[in-house]
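Chain lettering (A, B, C, D and E) follows the sequence in which the chains are written, and residue indices restart at 1 in each chain.
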């Protein structure tokens, strides 16, 4: 699969029909997930209706982490095997990952308002999510600052790998840190005890997020490939060669 | 290099200008570069500064441009009110911003130093039109030098102070430089250049440091 | 420039070295500089690279030095195990630290690139002994270039890649350069230089890009 | 176009190329370090947060300043500024203004989420953003001078920091005190900003003239 | 002399020329500025002091990074490093080590008076200094990578900051927690330092190879 993806022409061909498929899937899953989440699942006994934010919030959290893992993997593949597509994928994945992380942060703090009475709590998960968000930003900013395509790809990949080493350490250190000073009087996140009736909508939404990511990724990759072809052509014309 | 491009069209004659360097002594870091140097030149002249490395050519040019204080002596311009608005200084460094492209530089100088030939025509003149959208970062040595030369073309100023203008230029580039100098003198412009090699254009005066 | 200084004393002959450039194509930023370029040279040769600004001389030299990846083709050295330890690269930029003085540079290169003539002798050779304690910041263009030349003197390496080595040098400096190249070839060294002007030293081969 | 607007636009472009999102990200990052360092005790955060936010802002200003004139000096483009038909003071001011737009404003806006994260009540946010915007003006005004006098010093980053710290103290103090409400400290902060913005370019220009030698 | 020791010495000289006292001064300045802005509530200071010291240290490290490789790239001396008979990884490590000696150590020592000023009991001082020394090593290790990947970006200051801050988080967490005693956090801090110092140069060297193109 990967190997057949490796060549752009094939990729363009495959993605051309993969994309609408995922798009359809995303629409369906979102429809189901949202309706389940809004109408066919109970309000939380202590968090009330606001618990429904969870269906937006949690999948965003999960997938933003998964996306960084993918970004790091793609970067590794690109550095080792020089698959341009891996680089294209990494480049396209970053903004989506940042968006998911941002969504998690925003919905989280929206959620925090009713449940904790504050917009933000320095809780381990929140903090490491924030760091993840920053890591995405750094990667994007670096690539934006390097106008030499080739360098941007390879230096970006190196940074992505460094981040992959760093994030687990951050996660651990932050967990350790939060146990060090237990956040003051707040309702802890209901992580452990999710009522089964919340599972269905949660996982449907998770699926929807995944499909949405796939669509956005493929679209981003295709756009990037077109852009590269265009610039190459433009350069040739400009140089009159 | 066709000389029928952009520039000449508005090549009206400069008001007569005259530079006099009187008994100038220049010290740098407590060490005397040259003493009681005197010469004077007028529009149309081409003064070449010669001397070994470290003789003080760059220093003298920067002094004439008003960047270096004289130890003793005086440098005066006649025919221009503010000297720094009447001169071009082409130094060892080209003054390029790696991140900005060729055209951006030409346009920037045109508005900063005085509107003359428009940027496009100027780039055409120095032979960079084809790569107008390349960032300066990736320009070759000679391309950068040519870009610096566009300053002379875009902003018409009577006095040119050129510090080893030919450095890094290929033969065609050197021809361009000669042509520019010739035109400038024809317009009543004054050229003072620190040089190590010879240009085809004959100097009217040689100052040796 | 007396050639009886420092260097020659330990001027033992280099082991025979051979460079072959085979069907090399070089692209930069998606634009082809030159295609299927081939030539080969051996110790004692002086190859001059010629071509207009932007032709790819600097790029080729950096490719030979192993800094630039080739698009296609191969560049191989015979007679040396690690090419990057057997060559000198004298680029457009001199590689000086403004804050450090002249002598510090010479000593640094001597230990970094390989002990040869001692720093003092080398500075003497390039005519900077008098200003050994000036910080690089205040050096004139040509003085900086001469300082860069000391690399060639302090560290004996068989392959010299020179990018417009004469830029900024006065006549005496150009003579020095000629002498250094002549000596190097006499010792069985290989010289490849990107040039715009002619040196007195005759090239054994001219590669035009 | 007038030289000033051209210089302004150019500086904006240069700052933009150096990583558009960066200032904001840096600011957020610096704000994260504090709770990580001292835990989440509300009282502590509320007390230590604003000052740190302000120091972070000051640093962001600093880091954009270091190369501001040094780069111009090294690449030779400083000379050209003196040959332009425009007073050097105004040119310096234009560069400062561009910096404020490229870094100061985004950073002030980023102050909103940071303030929230550091438990500032919502109604206090406008004052925080306005305060930071003013503060950045003060920092840049003072920073211009430091950047100009150190333009010929390599690796001047920390040196600049050292030089400007005394000048940054007042805005930081007033700014931190002003956090969350438009009161007396806010007026004092405004005073600092006006002073720095009016005096800074003049001194900076004087210093630059010497650098051009 | 071996290339490494020469490079080390040279970097030391360069850092020294760029204003020896600067980092310490900056650090002290920041450490003064923060309480100044916090108001003088004794209890608050005692609690907030150590963390602020750590944040100040992290930021001081940050300021030294921008020009580390960028200067070498611009003046052409980077090329020469690749022509030396020494692995690039080690050369980068040598530069990092020099930076640590020139900035990290003095800063760690400066930590002592600051800690005292912030009411840390005398017997806790050695741990503070040792902790800061380790922390600076961790900061520099991570910083090398950020400096290398941004070497070709002009005005990269803020960009670098954004890139390294996530890497600074763990050392800051453990460092601040370790303040004043050699305990578990101190070990974890040591771990961070070792990790950064061992991995940093490798990634940085890989990045530099690309920059030399």
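General observations
Note that in this section contacts are C-beta pairs under 8 Å (C-beta built on N, C-alpha and C of every residue); 3 or more make two chains touch, one makes a residue touch a chain.
None of the values given here were measured: they were computed from a predicted structure.
Counting C-beta pairs in contact, the chain pair with the highest total is D-E. The greatest centre-to-centre gap from subunit B, using C-alpha centroids, is found for A. When chain centres are defined as mean Cα coordinates, C lies farthest from subunit D.
As a whole-number value, the distance joining the C-alpha centres of subunit C and subunit E reads 37 Å.
Centroids of subunit A and subunit E (each the mean of its C-alpha atoms) stand 31 Å apart. Averaging Cα coordinates per chain places subunit B and subunit C 30 Å apart. Our note on geometry: subunit B versus subunit E, Cα centroid distance of 45 Å, whole angstroms.
The set of subunit E residues touching two or more other chains comprises 14, 17-18, 71, 74, 152-154, 156, 159, 162, 165-166, 169, 173, 213.
Among the residues of subunit B, those in touch with two or more other chains are 92, 97-99, 131, 134, 137-138. Residues of subunit A in contact with two or more other chains: 131, 134, 137-138, 141-142, 145, 147-148, 174, 177, 180, 239.
By the touch rule above, subunit A contacts subunit D in their complex via residues 109, 118-123, 127, 130-131, 134, 137-138, 140-142, 144-145, 147, 174, 177-178, 180-181, 183-184. Those residues of subunit E lying in contact with subunit A across their complex are 142, 145, 149-150, 152-153, 156, 159, 162-163, 165-167, 169-170, 173-174, 177, 188, 192, 195, 199, 203, 206-207, 210-211, 213.
Contact residues of subunit D toward subunit E in the complex are 14-15, 17-19, 21-23, 25-26, 29-30, 32-34, 36-39, 41, 43-44, 47-48, 50-52, 54-56, 59-60, 62-64, 66-68, 71, 74, 103, 153-159, 161-162, 165-166, 168-169, 172-173, 175-177.
Note for the complex: subunit B touches subunit C at residues 28-29, 51-54, 58, 92, 131, 134, 138-143, 145-146, 164, 167-173, 196-197.
Note for the complex: subunit A touches subunit E at residues 131, 134-135, 137-138, 141-142, 145-146, 148, 151, 154-156, 158-159, 161-163, 165-167, 169-170, 172-174, 176-177, 180.
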